[in-house]
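The chains carry the letters A, B, C, D, E and F, assigned in the order they are written, with residues numbered from 1 in each.
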Amino acid sequence: MTSKPEHHEHGHGHGQTPRVERSLLRKWFPHPILSLVLIGQWLGLNNSLAPGHIVVAVLLAGFIPIYTANFWPNRPKLRAPITFLVFAVVFLWDIVVANLQVAYLVLFHSPAKLKSQWLCVPLDLCQPEAVAMLAGTVSLTPGTISSDLSADGRYLLVHCLHVDDPAAEVQKIKDRYERRLKAIFP
Amino acid sequence: MNHLLILPILLPAIVAPLLAIVARNDIVLARVFSFAATLGLVAIGCLMVWTASDGQIRIYELGAWKAPYGIVLVLDRLSAIMVLLTACLATVVQLYSMAGWDTRGFHFYSLFHVQLMGVNGAFLTGDLFNLFVFFELLLIASYGLMVHGGGPARFKAGLQYISINLVGSVVFLMGLGTIYSVTGTLNMAHFAVRISQVPESDQALMAVGASLLLVVFGLKAALVPLHFWMPATYSNAPPPVAALFSIMSKVGVYALIRFCDLSLLQLGGPFAALGTQLLVPCAVLSLIVGAIGVLAARSLSQQASFVGLASIGTMLIAFGLFTPESQAAGLYYMLHSTLAVAALFLVVDLVIARRPGAGDGFDPKPFPQQGYLAALFFVGALMVIGLPPSSGFLGKLQILHSLRSTGEWPMLWGTILVASFAVLLGFAQAGSRVFWKSSAAHKGDPHDSGVGVGQMSHGNALSAKPLPLALPSAAIGLTWSLLILLTIFPGPVMSYLEATTEQLFDPQRYIDAVLKPAGEAGL
Amino acid sequence: MIQLAILFCYIAVCLSLLMNIWRLYIGPNVVDRIMAADTLVINSIVLLILYGIQTKSTMYFETALLLAMFSFISTVAYCRFLMRGDIIE
Amino acid sequence: MNIALIVLLPLLGSILPALMIRSGRNACMASAAVVNFLALALLLTHSPAVFFFKTTPKISWPWLDSIGLNIEFWVDGLGLMFATMILGIGLLILIYARSYLSAADPMGNFYCYLLIFQAAMVGIVLSDNVILLMMFWELTSLSSFLLIGFWSHLPAGRQGARMALAVTGGGGLALLAGVLLLANVADTYRISEILTRRDLIQNSEWFPTILVLILLGCFTKSAQFPFHFWLPRAMAAPTPVSAYLHSATMVKAGIFLLARLWPVLHNDGMWFYCVASIGLVTMLIGAIIALFQDDLKGLLAYSTISHLGLITMLLGFATPVAVAAAVFHIINHATFKAALFMNAGIVDHEAGTRDLKRLGGLMWLMPVTAIIALIATFSMAGLPPFNGYLSKEMMLEEASHTKWMGSKQIIPTLVTIAAVFSVAYSFRYFFGVFAGRVRHDYPHHPHDSPAGLWWPPTLLIILVIAIGLRPDIMAESLVKIVTASVIQDAAPDIHLKLWHGWTPAVTMSGIAVGGGLILWLLASWLRTIWDKLPRPDAKVIFDAVVHGLTRGCQLISDSLHNGSQQRYLFLIIASVIAFAGWNFASYPWAHGDRPLQPITTPLVVGWILVVGSTLLVVINYRNRLYALIALGVVGLFSSLGFVYVSGIDLALTQISVEVVTIILMLLTLFFLPKYSQPESMSWVRWRDAGLAIVAGLGMGGMSWLMMTRPWSMESIQSYFLANAKSGGGGTNVVNVILVDFRGFDTFGEITVLGCAGLAIFAILEGLARGKLRQRLQDWEPDVARTADRHPILMVVVTRVMLPMAILVGMFIFFRGHNLPGGGFIAALVVSVALIMQYMASGFGWTANQVRFKYHGLIGGGVLIAAATGIGAMVADRPFLTSWHDHWHPPKFWEIDFGDIEVASAMAFDLGVFLTVIGAVMLALAQYSKLGIIAVDAEVNASPMDCDPLNNQPPVNRNHKH
Amino acid sequence: MNLPEMPEMPVDAWGWVVLVSLLIGGCFVFVGSFGLLRLNNTMARMHAPSKATTVGVGGVLIASIFYFYGVVDEPYRVFPAQDLLIVFFLFLTAPVSAHFMAKAYLHKHSPQESDLPQPHNGSGWATFKSRA
Amino acid sequence: MELLLSSAIGVFSAAGVYLVLRPRTFSVVMGLSFLTYAINFFLVSAGRLSVNMPDILSKGKELSEYADPVPPALVLTSIVISFGMTAIMVVMGVRGYFENDSDHVNISLTEEMIARSRE
């Protein structure tokens, strides 16, 4: 392919995507969880549990991850499923609360009197997936938006719509979310 | 079912992607493949002409769906001739491009074959929307081919070309939509049946739809005042591509006559007089604008473009009369002018290639192989102007002859003859400046001491290495051989063409063939 | 009752759409416009779902699904354009 | 058949000298001469028939019978005489030219052109078909163009050739019209038949037109006033050409045609006044100007004009005797004038100049040449006992009793004056060149030329003398036979002899000689007066006319095609509207009464959004990003509109296309300016807005009319609805139409898309390589850029999205035949997912992970689609015939998998799917590559800017070719 | 308000859920867009839609799920899994959209980098400073 | 709703025509997009309007209860083709911009002569 850069053959060894000898299982089932999700997605989309659909779902859930595995090198290992559930509940609860708060601010608070703030949240997480999940959680919950990461990915820049105590806010993020994520992504 | 009908579309449709896959980095392979396919098209074209010569109209129901629901291809004499003409022209362009143009960009042959596919499809289809698709197909390939090789002027002209044609495509769809909303069909034969049944309340809509299609066909054919895309496009396109494009404007002409002869003339009302009231005046204008352009041109390729415009005007005068005689004459002239204009573009390209820095402007500048090129240009010009003994002369004569039945023939004759004269003048001037004035080797003149002392020409002192001429000469020679055949055997050709127009003027046969396939009608 | 709720939602969405386009018009900066366009898409998804509920048809939901997938891409593309000019590098 | 051969021999033989030149110049000449000689011999084999048996051999082959163009030749008296002259003098010229042309001249070309010209001339005189004659006529113009311009390095040669072509070619076209009309009126194309239909022709309302057109052709060709100016200019040709073209051939073609058509065209009215008057004027003017020429060939050229005038005048007299005189003078003029041209050539060749002022006294150095000149000039002057005298006497005799507008004096007087000048210039030629003292300042050292140059004119001189002395033997029967064939009647009873008694002609002749002598003696004095007279210069006028014409045409053409796309499009759109509007107005119409769909609030809001965002685009189009965002909103609500009008497939397609388009436009906008400068003047904007409003009203109005009327005819739609399931095997009718009923359209459509991909590749690859690459590298982005290229968040989200989006794509693909979806939409979904990956992780890294080649996808897709169609052909069904069936897989562990629908349309759709992915991805990937070159960026080899896990910096590589 | 006709349906337990979800969803959709219009600076405005629309859309989608699964009559009764997927996609993508809009805003309109709190290790924000 | 649709088609066409007549390639492309919207809805309107009658065959429905499937099929083809055309046009626009150092659409005659002599 002409559009392919020429460094293809040098690609290995340099980046952080070394294609080391993977086990056969890893090769044919690169992302088991993803495969499960895809099976569920397929059956849901087709709205059917018919055997034919299950066969197709299994086939697709097998093939698609094999193809896309390249695009997702160094997949993280997930731990602590219980923590994950707790995290999910906390997250959903916070979303509801956040929305009520934001609704209040939008409807009844004078825009001029909003105390908007930039916060710098230092991160203990180092998995990209974990960082992304934290950032996403922050964005989806109380009046906060993950606006930027530091160049080395170790700090999160958060914009708060209305905050009285920035330090407390940072601590809240670390306690409620980051702690749990740290357990999920060891 | 005769698979012959699909072949001129299918062959390029297979070759084009195949070239893109296997031969995109191997020009030799591409040339071999492409040339073989082009020759195949010639064979198919010959077979088609031969098949159609029995006067029967054959159809091919794609997907085995009956007309008017499915798409049908229709082979009658006219479409057979057009396919053969396309194949011949393609061979010429292919031969010529192999001398080097095909390496100046990417995917030349893929685009080339898509263009052929589009052109052949447009000639064969019996469905209006399918015609649109093939128009788009030939256009998209032409966009790529137009800018093949690059260059500032080429890209500006290319952008204008694409913009104008995109507007044309919109108009085409408008016309189609309107026609569908009134007649509920997209099939040309079915449309021909229904056009006469349109109730009064819908006739204005019908007329607008039809007129929009006419405008689009006129746009493709470069009929004044819809011709504005043409001069810049043709004169800036790579000359072999411009040569190939000379069949593209004929697609417009073809669609125009097919559409009018088959259906539109039956609507009655103003459309009955469409030809003489509108088409012929526009054609006359095209001829005049073309002739003026030839005189005004500042470069050989501009001149070739404008002479192309003039030839469109000439043939549309003939077609616009809508008589079997005039259209047969028009077809003969179309065969001639398509090839002649194409050959002229190729000659011009040879000149351009040898005059780096001067291009094809008229500034006198000596160049290698000048004598040979002068001869080529002379013959090429003679062919396009339509001077004897070229087939163009016969074509024009026949057109003049067929014009006698109109009331305006003195004016039409005058226009055609004066325009021919203007074109003659233009080419004489251009040729003498580019080929004669520029010849300069500094030798004393042994004779004419009495009248101005000049320098002898010939055996010129240019040290530049001569460029290869074998393939280009073969290409140009092939074109001229075809034209000479046209000159020597106008009789058989004309009898075929007269039978063609006879077929055209009996739309019922077309309709019967498309809507009542032999099996069903119990024939 | 459900009809009234749907009606209420329609009104809410229609007003939202009008407010969105007004934001798109007044800006003031290009990020606001992108935001307005993004919100327009989200609101359109709501509109589609409402239409599906109203017509008892889930046939329109694939449209909503594609909108959900693609609104993200165009928003990111606009932003990347502002940030880097080149959206694929 | 051998009549045609007379023409064909030189025509086909013209290739011989061009080839033989490789064997040397003599071989070249010899081959041409042999061809010429054979033709002459063939011709002469017919002379017994014409002379003794009084028959006219004819042949007729069909060629293009529908327009009366057939290969028809005949040899009658007139044709025989002319053909003999052409071939005979031609042979002499061929021989003469061998010695005349220098080593530097391309002799092969010369003889080639000359033989073509000869063939054309012979063709003219032997044609029995007016259209065939016309073809040869035009061919003479063309070949003479080549001959006159043979020395193309001389400006005069080029100019003369162009002028000759312009005048004679133009006249030829008028002639063509005249001849076609004539044939039309006479209802035959055969000349021999036309000649018998005088009454039909002369009584036709078209007669004046025919006459004028034909005379235009004849007069331009034979250089009659006021078209005479090209002839002297044509003297720039090599002398053999002048000798040939301007004595016996080209210029005589006009005379020939006058003579040929004389039986049907002549009368006492219009013919007489046009032809005789023009002839007389030409004769007079030519003679006068000739006297003042210093260039020998110029003098001869004007004398030729004068003599041609004389012959024309005689033909114009419209009496048989005058015709006989004309015929006789044609012969005589050919002999002495050809000899004189050759003579002038010898002088030029030997003395190195043709300028009378630099010549004189050559008699002593070149006696043979002088004798030739003496006899030829005296014949030209009309002095006895040479042949010129005889025909001039006949002319004077005829002129003496011809009345012009009732006046008896005018013609004789003017003719005598012309004769006086004729004698004078003849004397001037001979005495000016040969008499007097030998000079010492000739450019060369003149002496008698080699035989090759002098014996051809000598042969002619012998004829001059022989005819002059014994016309009764040498010419009388010929003249009579030719005259008879010209007038198509019995020849008048004429007797050619030197002395007819003391007739008025003798008196006039005497005056002429005396007057001529005096005039010659006064010539240098008269010259000073002549030089002071204002005279129009043909070259200046011609140049001015041509230049004016060119400038005028450029003015028109440039203002018409001024390169402004804005104007082109305006005119085209305006034409469309005008034409459609005119047609709308010309036909009846009525409002439709189809019940309208209700207007609901969401619809109104949607309308406001669509129209509002359209207005935003139009108002802010110069702020391109803003316009693009608003355009996206238009697209979004268009899709919702499609949903509302039941076009769900449309909506899905529109949404997907919209995203890809926006990405494409943003990629484009990176390189282009972000803002347009205000350009158009305000009146242009208002004009455009006006047109836009009219277009909008038209299109909106049309759609209103369409929507509001019930179907007046049954649409083909019901067939599709009825047969989609049973015939096409799918319940999504739109999709079944696309992949089955009208699958051929879709086949074309994917080819369009694939071709677009290839064309885009070609266009962009040309930018990435070659000359433009440097320009691309020199270009700097005109926006400030952030530091991070591949933010972590986006990368992570994409990793999750990609497989799921591909699955959605698969879902849409598989359901397409029965529910909204299909290959195209699926392909766009997958493409967008991949694009997302490109946006997240960049071009370099992503391209490395994508494991297929986009070219292959395009080609493979089209081929798969084609193969589906061809599969049907193998089964002897038409291309793209679909096949579908149910397949019930066997039970497996008691699990019933149910019916599985299998349709060939699915394979076709797979082709669509692959092509679309290939095309979209090829275009976008190619595009994004440009950006990297443009900013000289490094290609990233890692998927994100920084991986916080191992805190590695991003790995980049230089992008090189 | 002119809307197409819709047959009356009994409001059972599922119906109440649908009704409440619809009302909540409608409110939050409105609040999101209202906030986008009302708030007075770009960063503040960004909070409104990116939060409120999640619950807005979520509400309507939940309504739709329960409606099609519990309220409508048999031939139309399905479990619209697409709705779940829509919610999933929106939750996945909304933060990234917001993130990019914020970054774009920082890049184009934030007066200077120094207005922001800085990472303690001095690496700087990605928008402004690259690692390399 | 016919009125709304036809007026929207009118607005699209007017916007399209106006933008197509602007002198920069980018505006022309946007104008062509509008013309495409216009023509797509125009084609839909050629089949008359039907609300909530998608062409998905289901048991027990009369043929008259489906929208006309022909215009959507035509529009789909047209959308795809327009997409290809738009793509090639913008790409040509970019290349043309680098070839000419300008994205102006008009050819100036003098420029053309200069370009010709450069060849």
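Keep in mind that, in the parts below, contacts are C-beta pairs under 8 Å (C-beta built on N, C-alpha and C of every residue); 3 or more make two chains touch, one makes a residue touch a chain.
Since the model is a prediction, treat every value here as computed from it, not as a measurement.
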Minimum number of chain-to-chain touching steps separating chain E from chain F: 2
Comparison of D-F and B-D (more C-beta pairs in contact): B-D
Greatest separation from chain E - chain, by CA centre: D
Centroid spacing, where centroids are CA-atom means, of chain B and chain E in whole angstrom: 58
Between chain C and chain A, distance of the C-alpha-averaged centres to the nearest whole Å: 23
Intercentroid distance (Cα basis), chain D paired with chain A, Å: 70
Where chain B and chain F are represented by their mean Cα positions, the distance between them in whole Å: 27
Per-residue overlap in chain D, given as positions that touch at least 2 other chains: 558, 563, 565, 569, 573, 598-602, 644, 648, 669, 699, 702, 706, 711, 715-717, 720, 742, 745, 749, 752, 755-756, 759, 761, 763, 765-766, 772, 786-788, 791, 793-794, 797, 801, 804, 808, 819-820, 843, 855, 927, 945-946
Shared interface positions of chain B, touching two or more other chains: 129, 133, 136, 140, 143-144, 147, 150, 159-160, 163, 167, 174, 177-178, 180-181, 186, 232, 298
Residue list for chain C, restricted to those that touch at least two other chains: 10-11, 13, 17, 30, 34, 55, 57, 59, 62, 65, 69, 76, 78, 80, 82-83
All touching chain pairs, where touch follows the definition stated at the start: A-D, A-E, B-D, B-F, C-D, C-E, C-F, D-E, D-F
Chain D-facing residues of chain C, complex: 10-11, 13-14, 17-18, 21, 24-25, 30, 33-34, 37, 40-41, 44, 47-48, 51, 59-60, 62-63, 65-67, 69-70, 73-74, 76-78, 80-89
Interfacial residue positions of chain D with respect to chain E in the complex: 598-602, 784, 786-788, 791, 793-794, 797, 800-801, 804, 808, 945-946, 953-954
Residues of chain C that touch chain F when the two form their complex: 55, 57, 59
Residues on chain F engaged by chain C in the complex (per definition of touch): 52, 54, 56
Contacting residues of chain B [partner chain F, same complex]: 129, 133, 136, 139-140, 143-144, 147, 150-160, 162-163, 166-167, 169-170, 173-174, 176-178, 180-181, 186, 232, 298-299, 352, 356-361
